[in-house]
Every structure is written in structure tokens, then in C-alpha cells.
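Residue numbering begins at 1 within each chain, and the chains themselves are lettered A, B, C and D in the order written.
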Amino acid sequence: MAVHLTKRAQRFAHIDHSPLNIEAMRFALFGAGRAGTIHARNIASHPRAEIGYIFDVDQAAAERLADARGGQVPRSPQEIWEADDVDAVLIASSTDTHVDLLRQAMRAGKPTYCEKPVDLDIKKVRTFVDEASASDPPVFIGFRRRFQPEFSSMQRQVREGAVGQIESIRIIARDFALAPLAFLQRSGGLLRDKMIHYFDLAPWLAAERPTELYATGSCLIDPIVGEMGDVDTAVAILRFPSGALCTIENGRRAAYGFDDRVEVFGAEGMLQGGSAPSENLVQFTATGITQGRYPDYYGEESFAYALDAFITALESGGAVAPSLQDGYQAQLIAEAAIESMRSNQPVQLQWR
Amino acid sequence: MAVHLTKRAQRFAHIDHSPLNIEAMRFALFGAGRAGTIHARNIASHPRAEIGYIFDVDQAAAERLADARGGQVPRSPQEIWEADDVDAVLIASSTDTHVDLLRQAMRAGKPTYCEKPVDLDIKKVRTFVDEASASDPPVFIGFRRRFQPEFSSMQRQVREGAVGQIESIRIIARDFALAPLAFLQRSGGLLRDKMIHYFDLAPWLAAERPTELYATGSCLIDPIVGEMGDVDTAVAILRFPSGALCTIENGRRAAYGFDDRVEVFGAEGMLQGGSAPSENLVQFTATGITQGRYPDYYGEESFAYALDAFITALESGGAVAPSLQDGYQAQLIAEAAIESMRSNQPVQLQWR
Amino acid sequence: MAVHLTKRAQRFAHIDHSPLNIEAMRFALFGAGRAGTIHARNIASHPRAEIGYIFDVDQAAAERLADARGGQVPRSPQEIWEADDVDAVLIASSTDTHVDLLRQAMRAGKPTYCEKPVDLDIKKVRTFVDEASASDPPVFIGFRRRFQPEFSSMQRQVREGAVGQIESIRIIARDFALAPLAFLQRSGGLLRDKMIHYFDLAPWLAAERPTELYATGSCLIDPIVGEMGDVDTAVAILRFPSGALCTIENGRRAAYGFDDRVEVFGAEGMLQGGSAPSENLVQFTATGITQGRYPDYYGEESFAYALDAFITALESGGAVAPSLQDGYQAQLIAEAAIESMRSNQPVQLQWR
Amino acid sequence: MAVHLTKRAQRFAHIDHSPLNIEAMRFALFGAGRAGTIHARNIASHPRAEIGYIFDVDQAAAERLADARGGQVPRSPQEIWEADDVDAVLIASSTDTHVDLLRQAMRAGKPTYCEKPVDLDIKKVRTFVDEASASDPPVFIGFRRRFQPEFSSMQRQVREGAVGQIESIRIIARDFALAPLAFLQRSGGLLRDKMIHYFDLAPWLAAERPTELYATGSCLIDPIVGEMGDVDTAVAILRFPSGALCTIENGRRAAYGFDDRVEVFGAEGMLQGGSAPSENLVQFTATGITQGRYPDYYGEESFAYALDAFITALESGGAVAPSLQDGYQAQLIAEAAIESMRSNQPVQLQWR
């Protein structure tokens, strides 16, 4: 079997210089599907974490994953909530189960990493956010773009003044291929499913919350997306209180691989980062100078970096971010964008 | 709670789709120093390998490493040779121990991964090569540049005809910083220690063995290198039977990080690859457009790729490469280069 | 000794393999200001053109330019309209004189190159367009972005199918420095003065006319721009009948030089082009890998390419583009964008 | 006729902001062949120069060129030497005429720009150099690589300390296609004709003269080159007194265009520059990310920059460089390289 590691994967290895006798943080993992499998691997690989339990409604799937990555497979979630050897919870089950599991985790006093979105129904999210109290254990929402190395470096440099006062943010993000219809149907649509990542990323980069946005879209890749009432190509413009403008374009397919690029422009310059060929290998021929296309998956290592950020924040007792509030905020922006696209009008956003 | 020892590192994530019930290849590891520590991590992380034993003359070092990565610490190598649960040997101990360990591994019938060089004394290498018989278990010499993704892709593309008939190879390789004197003193010198990697790489890319070379060098970085009788900057020109020429330049320090770049030029074009900034993040300011320097370490992941190549070759029963013969060949070229530098004359190379 | 007036500038060197006995096209040039000076140089340098007359209300300026580049300085425009040795007219005088001069040139039967915009008052433009008849000599409007080599190659490749069906266009254009206030005041504003270039470029790339747009802007660079009632940073989204979306962002200042970049994305790929450092010279240091910033002026050579396109079209009797109709179209889009920005509503565009 | 200007050509236009009433420097041009035609265009285009006379043994060629670029065509060179309206001489006739013309120009007291090489016979060059006296008018030898913008910037930055103390120079230069045999036969061979450019460039960058070199070569592109006793691919290593090493590789053909790249490495970093695609236009597709190949001609604008340097030096009364001494030096290095290649031995160089 050939090895095809990206350079990126290599970098995570450096995390692994921690003292070897640290007490591992023991996770209960909900969900043994695609995201759950990645999280299971990352927990098992993390030098200061391990899997205690894996639950999935498909018990066989949970068992296969536990065989590979460790952990027990309880008959019901209840066993997990009653267990005294669970340090943290990771929710990677289907979106409609998130709020219930979050509620139970809060009751059980467990710090929780929850995949985005909290729920497709913003009302359910609001209800849960309203219930939350300052004494709750921390909740981390898995907006992992923040942990993509280019973007975390970018945000840090922006904070350090690398571009001066921000005037513009430009974001382009395109999947490499149209996802399966089954996925698209339950995704909540392009804005709730994909653009929401950038509704989290942009305010985080800008250190402001948008007060107005306009969004528009088209169905260009496959008419079946339109038949679902969704778009596969969309642009949103966000306006921030400072006057800075942010343009986000999202699409469901790019022939040349996963395209995820951000530019932050300010009075003193610009930072530009994102997708790149996985190898620095260039071919010169009579017809041109060619390097490899973008990889189909960009930022898969961000799952691992996000997990590490969660673990490190819990260990240090510091603030967990992206927080539940951040997750709610991104979803509010997504709902506003959907409303703007529906009405073809700019929509105002008010923040308490 | 102990750190979960059987977990798999992130680095192998992308290949970790193997059936989960494969019998792991059990390694005896010699050496718990820098290279040994990397190999231990990689063996423990490999989905189809595990550590059985770790031996080091510094028993405490071996024990610390075994605590972290698994395996027992025998009192003597003899326990390893007598053990019936060792599938393969990895020699990462000091260079002067390589030949003896290789000899014992051959006697014990164990396939062996041996760090380069086989020995600093080419005569000892020749004696061991002469002893080798076709029935010996395979020996893999750790010339890991071949497994650096850019270079393995480059070699494959060259074989597929991407540049046509090869006419020229240009190699530049510079360490990011002068190594500690203690290391330099026992390294065998710039040509035996560092350029040897490219004396392996170049013939492998060219699919030919050089028949002539000229080498010259200078001491420019630190006079103490000259006092050792060594150079810190050197250039060699290799001539191949086809008439193709290869230029290799090596240095012991580059202010901008580890510089390791190769160009293969042929009748139909050129392939160019190697070092690159670790992130695709670019800053635009009034004074220029800047991206990150090269990382200090380039190609550390090639340890993992080389290990995987060794394991995969053993599993498939295919040829192991770089072989002992390849290792001997690279050392012969290095000796010729040293002779050329000493005499300031081109040196002919004859191959049986 | 006078400067040799008929000599040909370096800039046309590469096309200067034309037969040397071709009859030069004789231009009457209106305007000896910044644009006029560039055009005078380019006419004098063009291998198949020469300057017959230069008129400017500042007669001394006209005379200085004629000394340098050739041509007579008439006392009034009337002399030009009555002259029988004028082959073509180039209008580079102040914008408020364009329509009158165009009208006279049409009456005199002279093919005319007119700097953009036709007039700041769209009604005056409409009146002139309505007057135009099929028998008029050709009018070329100086939207020279089309002739910037990257963009002319891009358009040709798009037409040849390089990206498949177009789905998105992204344009960013930022001046290197805020223009003088005097210029800004009479410019007509960011959308009429600068974004109009891209209101011409985008439909030309898309081969469609937009049917809807939304524009918004901010004053971020200098409050004085806001006091004029203008913005210095603006974003517009254009929707085309095919569903393709185009985002144009414009700004009045970039610390790193003139930033002018276009991406055309389609079902089969993307073309990306525009600003680049003027030299391929890269510095590697301990702090990063740096190349030169963007030049302050981008695309000044497009003046020469546009002139050549005009001359070549006249010689061949082919269609002149960008035509008067193209110029009117871009101004209509600009007016719609201004209306959108004013009302903060999307605006529909209807085309006959 | 389409215009295909490179960005580079554009930059020369900026020279053209000189005061317009300057007395033009009047040239007598010898040679109306390929180089002469380029020089004629550049003289005619230069704002402070003009062509007085053009002489060629092919009088019709001289007349065609004079028709296009100005100047009279004398019946014999003698008319030129006797004329009182010649400010400077430019020798671009066949190599075997250079020394005689230089001698006459010196006698006539005319500053002279002479194409490289001075003569293919180093003895004739030495004789002429020995004749030269301090009171002679300046002689400029057309080593125009120094005026290629990337290389002139590189040299300036090196002098300003951009890389610290120089330790290594790496030069690669490959023509885009094998020149016609007739040219190759009278060229003096790869080292005298092409590598000589870098035998001038390298010492100029290093600010040192080499004291030793080794050169080797192959005939790989076309056997007919070998039949001429020449090579089409060659590598030379130069050693400087400081210990710095310079590797120069030259070839007669590159599938991807003219390849001309230089790296200067020092204690504090590296400068890298040279060939680049002519447009910043990149295509992203399913098979890769592609930009244009290198242009077939690199550095043609360096003719114009070299001419401007000559004119400017004469105007200011400053030193002319590359001087006759520089030209002789480069030829001595080339002869040493030929001797090294012949004997397959390193050759020492001694400088007075």
C-alpha cells in the first residue's frame, strides 16, 4: 500500500513531543460515521487523549471503530452519562441529535466538542443557547476552518497588525465535487452547510460581527440542486460596523480540486492564503509550466488541530473557542443570508 | 492512566484504511537516539507494525522510549537474536555498530532496515557486501531522500518519460544550520555524511551509474570545519555513460531554512522540485510580497515513507530498495569524490 | 540637433517587422495632458502611424508635445476638421469635451478613438448614441483593460473553452494610491471612473450582459472622499442571464502597488491573471522569501495595445471594439450600480 | 498585425521622460545583420541618440536599415572615420572585423560599443589590449546579461549586502533551440560563444576573478555538434580567491523556452532570478495548474538597456563597463575553460 501523506499531516506529528506520562483525556464519542471515524482516529492519535466509549445507533459500526481505535461500545447513551471515567464528549452523530446530546452532556457536566451545526433549526439552537448558564461545562463548536494552518496563522498575523486596519475580506470556497444527493438533501442547503464555515471565519478574522448582508445564488452545476430548492453557487457581501466589506463566494464543485482561499486586505497590505498543490513539483514542457492541481480534500488535518485546541483549552482552563455562542452567531448569519437570498434584499443583523 | 500505546499517529492517517485484523510486523529496534526515536514513533504509528524490542547501550534511554512507544528492553542484543517474535530489525544505533548488527541480523535470518551509512570505513562495507549471499534476508539502507514525496514523484515521472532522455541533473542541498561539532567530527565529513544522499539519489533518478566525477569544496561557514580537515561547501560533477551530467552542491547552513532542490532536465522538458514554505500564506506590503522561509527540517516525513516502503516490500516479497548494493554504491561514489577533492583531479569509476 | 521625430519606440519593437513603405495613418490628437502625452508617444512609436496635428486649449502644452512627437499645432479645431490629411482622430481631452468632438469627427467622416467615458452625463451619451447612424465612421472607446495582455489572453482562452461554461467571475482592482482630490472631484466617482472599466471587461469576458446587480461601498481610506459623497471601496455583484455571477471589488489605494486581478471560473476550470511583480527576482532570508511588490502602474502598455487594435481594425476594415455601443453599455451598468448603492437595493438591467 | 509586447519592453518606455531638447548622440553603426538591426532600432528609439551612418559590406542591407531607422550609407568606412558628425561608434559587424574597426575607432578618437567577443582569437585580443592606452576613448563590450533587469537588480542588491558574504553562485542558461549550423560553426563553440556571457557575469556578481576552473561537456542534442568538435551541454566550476564556488551550466536547447537563471547564495541568504513566463496568467484544470512556458527569447530588451548604459556613461563621463578589460578577462576565462575541457584537468588562472 503506497503512502500518500501530505506535508501537512507531517506537521501534526510535532504535537507529539509532549511529556509521556500525562493523564490522557478520556472521550465518549457519539457517531461512528464519516466525521466520527476521523475524530476517533485523531483522539486515538492524540498524545494526551484516548477513547473511552463510542456510541452509534448502528452498533456494528461503533464496534468496528472501537476495535480499531479503542473504547467500549455501550448499549445506550445512558451508560455514558452514568460513567465516571468520561472526561469529555465529542458529538459527531447526525445533526438532529446534537441538541439532545448537548443537553445531556451539560447535565452530566461534561465539556463537549460538537460538530457544526448545532441544529438546522435555528429556533432549537436559540432555545438551547437560552438555556445555557455560566456554570455549564464548556461547549466547543467544530468550525474547523479556524484551525486550518494558513487561516490560523492569518488570523494571528492580522491581530498583530500585518495588514493594518481591515478594509476588505475576500473568501472563495469550492468543494472539489458535488456531494451525493442524499447528503445535499439533509445538509440544510449551501448557505447553512458550507457558507456557515465562513460566516464563522469572517467575523473571527475581522474581529467584528456583520451588521448587514446581501446574498444571491444560482444553480449552475446540476439542476437537481435547484429542484431541491437550493443553489450550488452563491455570493454574499457582509458589511461590518467599521465599514469593512467581506465577499464570500461558495460553490459545490471545482474541476481542479478543493478551492479554499482567503484574502484579508487592510490599510497597510494584504494577507493571502489557502489551497495549494500538495507537492512542490513543477513540470516544464513545450506547452507550459505545470504543477499539481489542488488536492480534493483541503484541510482534513484541521480536524486534528481543532481537537488539539479543544483539549489544550480544557487542560489550561482557558476559554473554549469557537464557543456555543460563536456557533449560534454563525447560524444566525446563515439564516439572514438565506432570508436575503429568498427576498433578494439586503438584510440587517442586530446583535445584543 | 497510561498513554494508549497501540494508537496510530496522524501521519499514517491517510493509509490507515487497511483491514484492521492484519498481523502487525514486529520490530526489534537498535538505537534510542535521535533517529531511533523517530523510527520508534513511526513503527508505533504504522498500521501494520509494532515495536517488539528496543535496545540501546544507554538502557535508560531505551526504557523511556519503550514506555512511550511500546516494546520490551532486553538486557543484551542476544535476547533479540534468540527471540522468536521478531519479524524485522531496524538499526539506528551509532554507525560503528551497523556492520556487526547487520551480520547478526543476517545470521538470525531477520530482514533489516539499516540507517545509512553501512560504515564509514568503505573496506568494512566491502567485506560485508562480499560476505552477503543470495539467500540472506533482505537489507534496506535508509537513503530516505528517495521517499521524499517530491523526489519519489519526480523519479516516477522521469521513468514515465516526463522529460524525455535525461541530459542534466542539478541538485542543491543545504542544511539549515551547521550541525554541532561533535556530530560533524564523527560524521565522516560533508561528502560521506550528506552528499552521499545525492550519490544515491542521482543514479536512481538517472537510472545509470556515474563513470567519472570531479569534486571540489571550500570551508566558508566556520573555520573549525576546516581545522577538522573537512569542507562545509562542496560541488561535484558526475558524468554518466549516456553523457548526461549531474551537478551536486551541498552546504552546511542556509539562513532561510533547509534547502533541498532537484532539477532533472531532458530533451523534452524539466522537472523541478523540493523545499517549499510550509504554509501557503503570502503577505503583500509596501516593501514586497513575502511568504514563509523554508522549514528548518525538510523531509522528516521521509523516515515514515521509507519505513512504509520497507514494510510493504517485505509483505509483498518484492525487491527491497535502496538495497545493500545501493548503499555500497553510494559509498563508493562518496569515496571517489573525496579522492577527487583531495587530488583535485577527476576520478574514474568502474562498475563490475 | 533636433530629436529624431520619426523614430519608433522600443515598445513597438516586436511588431516592427512590417514592410517599411506602408502609408502611415495620420492622427489628429485632442488633448496634451497625461493621457494625450501617452497617446502621442504611442502614435509616434507605432510603425504605421504618425501625428498630424495636436490640439489643446493650453497651446503651449500642445506645442511642447508636438516638438517631441511631431505634428502641427493648429490655432483652432476647425483647422483639423477642414484638413485633408487627417486619417483618424484621437480624443484625449477633458471628458466634458468628448461628445462635441465626437460629433464633429463624425461630421468630418473621421474614424475616432475616444478616451472613456463618453461623458459623465449618461443622458448626453444616450443622445449621442441615438444620433449615431450605420454610415458613421467607426468609434472606438478606450476601455483599455481589454488590451492588457493577461486579460486579452484570458478572454481568448475563455472563448476557446479553457474553463468550460462560465459560472463565476471575480475581479479585484485597487489603485496603488489615492488620486489627487482635484482628480477625484471631477472623476464622477469610484463607480463611474474606475469600476466602469470592469463593467466593460466583465460582460466582454462573459459574452453576456448583466440583468441584475447589487452594489455597496464604504469610505475607509480618507474621510474626504466621503465628504464628496463618494466611496473609496466598493463591491458589486452582477448576475448574468446564464446564472453566472460576477463580483467586482474596487478600491482607491493598495500599499503593495496597483492590484488588478481577474478570475474566470467555469465547469472545467479557472483562469487567473493580472498584477505581478515586474521582475522575477526573489530574496530568501531568515525571515522569509520575498519578491517585489506590484508596480504602481499596471497596464500602462495597454494604451499602446489599444491604439494598435484601433489602427489594425481600421486597416482591415473589421469591426472596431470596444465600440460606442460598448461604451454606452458600460456607462449604463455604472449608472445602475450607483442607483443600487444609493438605494441599497438590487437593480434590474434591461437590454433592447 | 497583433502586438505581442512583453511587460519588459514596456519598462524601457520610462527612459523616455528625458528633456526633449537634449543634443542627440550620433552613432556610426557597423553591421546591418541581426545584431545591427536590433541596435539600429534601439539607437533610433533612444531619446538621446540617433543614427548618423550605417555601414555593411552588404550595401543594400545597410540601405534598407537606413531607410527604416535613419542615417546615411557611406561607400566606405573611411567616410565615417573622416566625418566630423560622429559622436560614437557601434560595432555589430562580423566578429573577425571587430579588432580592425576598434583600432580605427580608437585612432579616430570615437567612444565605441563593440559586440562580444572582441575576437575569437585570444592572441589578437591580447595584442589589441596591449596596444590600448589610458588616453584612448572608452570601449564598451556588449556583455548585455549585466543589463538584464533581474541581473542588474541582483548585482546591486548583492553589493548592498542582501545575501551577506557570497559563498556560491549557480547559473543555468539554455537556448530555446539549437541555433543553425552555420551559426554554430563560426561561433567559436559553446564556451566561447555562450558561456562567455557568464564568465563575465559571475566575476561581476562575485566582485572577484576566478583563480581556478574545471569544465566538462557532452554532445547530447545533436551529433553534428560533436562532429564539429563542440559540445552542446557543458558545466564549469569556478573557484574564487574567497573560496566561493560558481557553477555554470549551459545548453543549446530547452523544450520550454530560453532558460536563464542565476542564484547567488551567501551567509545571510540567497537571491534567485531570471527567466519567467511572459504573462501572469494561470490555468487551473483537472490535470494541473499551468502557466505559460518561458519565452523563446529572454533578455532581448537587454540590448536597449546596455545601449542606454553606454550612452549614459559617455554623457556623465563616468567609467564604461563592461570595459575592454572586462571583455578580455571573460575571453581568458573561456580559453581556460576550453583548455580544461580538452585536458579534463582543472586549470589555474593568474591575474596581474
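The rule we apply is simple: contacts are C-beta pairs under 8 Å (C-beta built on N, C-alpha and C of every residue); 3 or more make two chains touch, one makes a residue touch a chain.
Predicted model, so just to flag it, every value in this text is computed and none were measured.
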For this session: Determine the set of chains touching chain B that also touch chain C.
Result: A, D
Seminar exercise, completed: More Cb-Cb contact pairs, comparing A-B against A-C, go to A-B
Exercise. Centre to centre, by mean C-alpha position, how many angstrom separate chain A and chain B?
Worked result: 38
Problem set entry | chain A-chain C separation of Cα centroids, rounded to whole Å | 43
For this session: Two or more other chains in contact with one residue: find those residues in chain D.
Result: 254-256, 268-270, 283-286
Problem set entry | Residues of chain A that touch chain C when the two form their complex | 164-165, 167-168, 170, 172, 174, 214, 216-221, 233, 235, 237, 239, 242-245, 247, 249, 251, 254-256, 259, 263, 265, 267-270, 344-346
Problem set entry | Footprint of chain A on chain B - complex, ascending | 1-4, 6-16, 18, 20, 41, 45, 64, 67-68, 149-150, 153-154, 157, 162, 268-276, 278-286, 300-301, 304-305, 308-309, 312
Exercise. Along chain D, where are the residues that touch chain A in the complex?
Worked result: 254-256, 277, 283-294
